[in-house]
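Scrolling down, you'll hit the structures one after another.
The same subunit A turns up in both complexes below, where it pairs with subunit B and then with subunit C.
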Partner chain A sequence: MSSEIDEYNGGSVLAMLGKNCVAIASDKRFGMKLMTLGTEFPKIFQATDKIYIAMAGLATDIQTLSELIRYKINMYKLREEREIEPTTLAYMVASTLYERRFSPYYVSPLIAGLDKNNKPYICNMDLIGCVTTTNDFVVGGAADDCLLGTCEALYEPDLEPEDLFETISQSLISAVDRNAASGWGAVVHVLTPERVITRTLKTRQD
Partner chain B sequence: MECLFGLVGKDFAITVSDATSIQSIVVMKHTEDKSRNLNKHIIMLYAGEPGDTVNFAEYIQRNVRFYEIKNGIELSPQAAAKFTRRQVAESLRSRQPYSVNLLIAGYDVKTEASQLYWIDYLGSLIEIPFAAHGYGAYYVTSVLDRYYYPQISLDEAKVLIKKCIDELKTRFFINLSNFKIKVSNKDGIQEIVL
Partner chain C sequence: MTQRLELPKGGFNFENYQRNVALEQQGLKLPTPTKTGTTVVGIIFKDGVVLGADTRSTAGSIVQDKNCDKIRYMAPNVYCCGAGTAADTQFTNSLICSQLELHRLATGRETRVCTALTLVKQMLFKYQGHVSAALILGGYDVTGPRLLAVAPHGSTDKLPYLVMGSGSYAAIAILENRWKKDLERQEAIDLVQEAIEAGIFNDLGSGSDVNITIIEKGKVDNIKGYARPNRREPKCRSYKFARGSTATLNLSAVTVTEGDAMDTS
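Moving on, here comes the complex of A and B:
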């Protein structure tokens, strides 16, 4: 197991693009290296009705950063009198991370959402806020290499919400079951213009 | 080498801290209380760098008290835990961070439920039914995984705590002879002996 600080607490996150929908998912483990302490650790945070942020990495930084981002989103809403757009939020998070360029938050954030025209958007960024926007899937966390493999094998473009749910769930389960630092159940959100479908998954309990 | 643990039962939270004070290879004391009461219902256990621990614990204790005097309301265990987490997390990236691991347990008067929060020196916070800090965690969590169940009664929790302490006494290579046990429920905090 890696001795890197960004894998100290474990955990993995994943987001996928579908046809007029996006899905975002994470595992639920909280550990200290090889020891599992908690199995109900949320790594996905709701930004607006149509945008979710997932963060994997060092737990303290996930908590600190999620609180900071929530504050900034609320301030944006008050100042602008409208909801923030996914791209705007992505660069807001990115600049927040880059402010800490020389003592960074050890997190890999993913953003998934629908914009004002309900166009789906996903992106990920590194710990200092370098944004990568893709048109298929983005991964992060301790099992990111496993996730890249499972997504590459299972993903296909233009999936309907229910099919996207199945694809993201199977990709996440297969990857985290092979990773000691991730797992212990998972949460999946599928965002559609009409509603958000939230489901919890059972995975291996070891 | 210190050991803190606790669990949440039906309508109470119970915490245990070893009472051994060690400096280098010398045991200085067998009656050290590694806890502070934040208010009538919240217990905070601490372990870590000597000096940092008591200083930080009393800083939290007094700030929680100050908040309560200022606003005239009792802080819930969740609020106290989240405030404490933030103080640890902010200290982590300062010039001289506090090296303190904490457990916060208490009875929430409003929701009439008990909670236990685990906070490490990095400022990670989790709410769990049972938790432990230190090397003792390797022994205690195994015992609790086997015997703990939600809605456990106080009498059964005391038996379970006894099991954990016995395990530490037989398998842990440091002789932790004495433990302080506290219970928080709707009537407040009491120290108990098994």
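Moving on, here comes the complex of A and C:
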């Protein structure tokens, strides 16, 4: 699953579904192979008030694609005079990726958000835009194999926002500590109908 | 001078191609897209078609999705099972699906399965096998029950029972042995279930549940999880962490407001 390209700049992302809430998290590392160059590299982008999109993979593509998606979301908002829905955004990103089917961006995006009825939604996609929507958790990046293991063990359905935060944070930290290309802190956003709670985690710095 | 970013007009975009070739020449191994792995089957019975699929999608040896849907809508009377690169099957399906919808609106007639087949095969042949979608199309149209398959290069088959995907060897063994003409509805469903289960248990690329779709004259039955031979035993204890377990550095909460507040000044 994770390939050499994922390890080039490093970084991992994760999203989980809770009871009327979603959480999305990432580490903060930016490196070049074994050399760490930055420890504040943003991988989670706000799409709307209630949707976040996280991307792991090749850093240059994360930045290019996030700007392209930002442009498309803004154009959608101007054309339609309403906010984009999470499923719509997922297929917008997927189409953007599939358009480059034969010259892909090396990214694994995750989308987490609440729709207009505040129903939580998460999905991930592969580098050419194959959307996978689940009702538990989705992962991506250099430590994705580790993340699948930790999430599979620690996740349980219908967690309240506070409990979801603990579960997603512990899953992320445990996985990222076993992946040299990820780490150096982590950010967790918990999205509820009322507010978005953002926390920075205290983690190992090696 | 500022360059305007144009919205795409359709067709594939090759702007990253040379960069990606350069990265490959540097010795970086490129990631593999999600494959469906898959066992999908379709059989014709007395008065319709039964399609069946497993629900596992894989990336290498990692199970990407334990419960994905491989039987997809094409037209009200046509459904499609996909095997191959997951994104290719997904996008081929939705592209042809929208063309069929427009075709129905233009002609005012029910879609024929062979129309769907022709659109798919012409598209796949155009891309010379680079779009790696292998599809089984099943439907009931004015000519009766129809079951057709397309391979990634655009070649097609018309057979009374069909299989696709990595589990096709396991599934075809069951069908070769047990399929006969004019099966009853329930017999057909049981046979499809058994063929898919052969794939689930004997092919690593296939797994989880059996999804079944039955298409008859003017009637479609979608049964998700017709058989669930691989339920995971629920955890007997909770793994919930006590609140406050995770050390945090800082916290910020942004309150979401719905729309702008009305200006009453």
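As a convention for this text, the second predicted complex is superposed on the first by the 203 of 206 C-alpha atoms of A that agree within 3 Å, B and C clash if a C-alpha of one lies under 4 Å from a C-alpha of the other, contacts with A are read in each partner's own complex, and residues count from 1 in each chain.
The rule is short, and it goes like this: a contact is a pair of C-beta atoms (placed from the backbone, for glycine too) under 8 Å apart; a residue touches a chain by one contact, two chains touch by 3 or more.
Everything numeric here is computed off the predicted structure, so don't read it as measured data.
Undergrad: Report the partner of subunit A that touches more of its residues: subunit B or subunit C.
TA: Of the two chains, more subunit A residues are contacted by C.
Undergrad: Quick one: classify A:R195 as touching subunit B (first), subunit C (second), both or neither.
TA: It touches subunit C, and subunit B stays clear.
Undergrad: Which partner does A:S103 contact after superposing on A: first (subunit B), second (subunit C), both, neither?
TA: Touch partners of A:S103: subunit B and subunit C.
Undergrad: Considering only the touch criterion stated at the top, classify A:F41 as touching first (subunit B), second (subunit C), both, or neither.
TA: first
Undergrad: So, does A:F30 touch the first partner subunit B, the second partner subunit C, both, or neither?
TA: first
Undergrad: State whether A:S182 touches subunit B only (first), subunit C only (second), both chains, or neither.
TA: After superposing on A, A:S182 lies clear of both subunit B and subunit C.
Undergrad: After the superposition on A, what does A:S66 contact: first (subunit B), second (subunit C), both or neither?
TA: In the superposition, A:S66 touches no partner, neither subunit B nor subunit C.
Undergrad: Looking at A:N9, would you say it contacts subunit B, subunit C, both, or neither? Reply first, second, both or neither.
TA: Touch partner of A:N9: subunit B, not subunit C.
Undergrad: Touching A:S174 in the superposition: subunit B (first), subunit C (second), both, neither?
TA: Neither partner.
Undergrad: Residue overlap on subunit A between the subunit B contact set and the subunit C contact set?
TA: Comparing the two interfaces on subunit A, one with subunit B and one with subunit C, the shared residues are 103.
Undergrad: In the complex of these two chains, what residues of subunit B are touching subunit A?
TA: Those residues of subunit B that touch subunit A are 85-86, 88-89, 92-93, 118, 120, 122-128, 131, 137-138, 141.
Undergrad: Applying the document's contact rule, which stretches of subunit A touch subunit C when the two form their complex?
TA: So the residues of subunit A in touch with subunit C come to 1-6, 8, 49-50, 68, 71-72, 75, 94, 97-106, 125-132, 134, 144-145, 148, 153-154, 156, 159, 162-163, 165-167, 169-170, 173, 185, 193-202.
Undergrad: Note which residues of subunit A are touching subunit B in the complex, please.
TA: 9, 30, 32, 35, 37-38, 40-41, 58-60, 63-64, 67, 103
Undergrad: In the complex, go through subunit C and note every residue touching subunit A.
TA: Per the stated touch rule, the residues are 5, 7-8, 12-17, 19-20, 23, 28-34, 57, 59-60, 62, 64-65, 67-68, 85-88, 90-91, 130-131, 235, 238-257.
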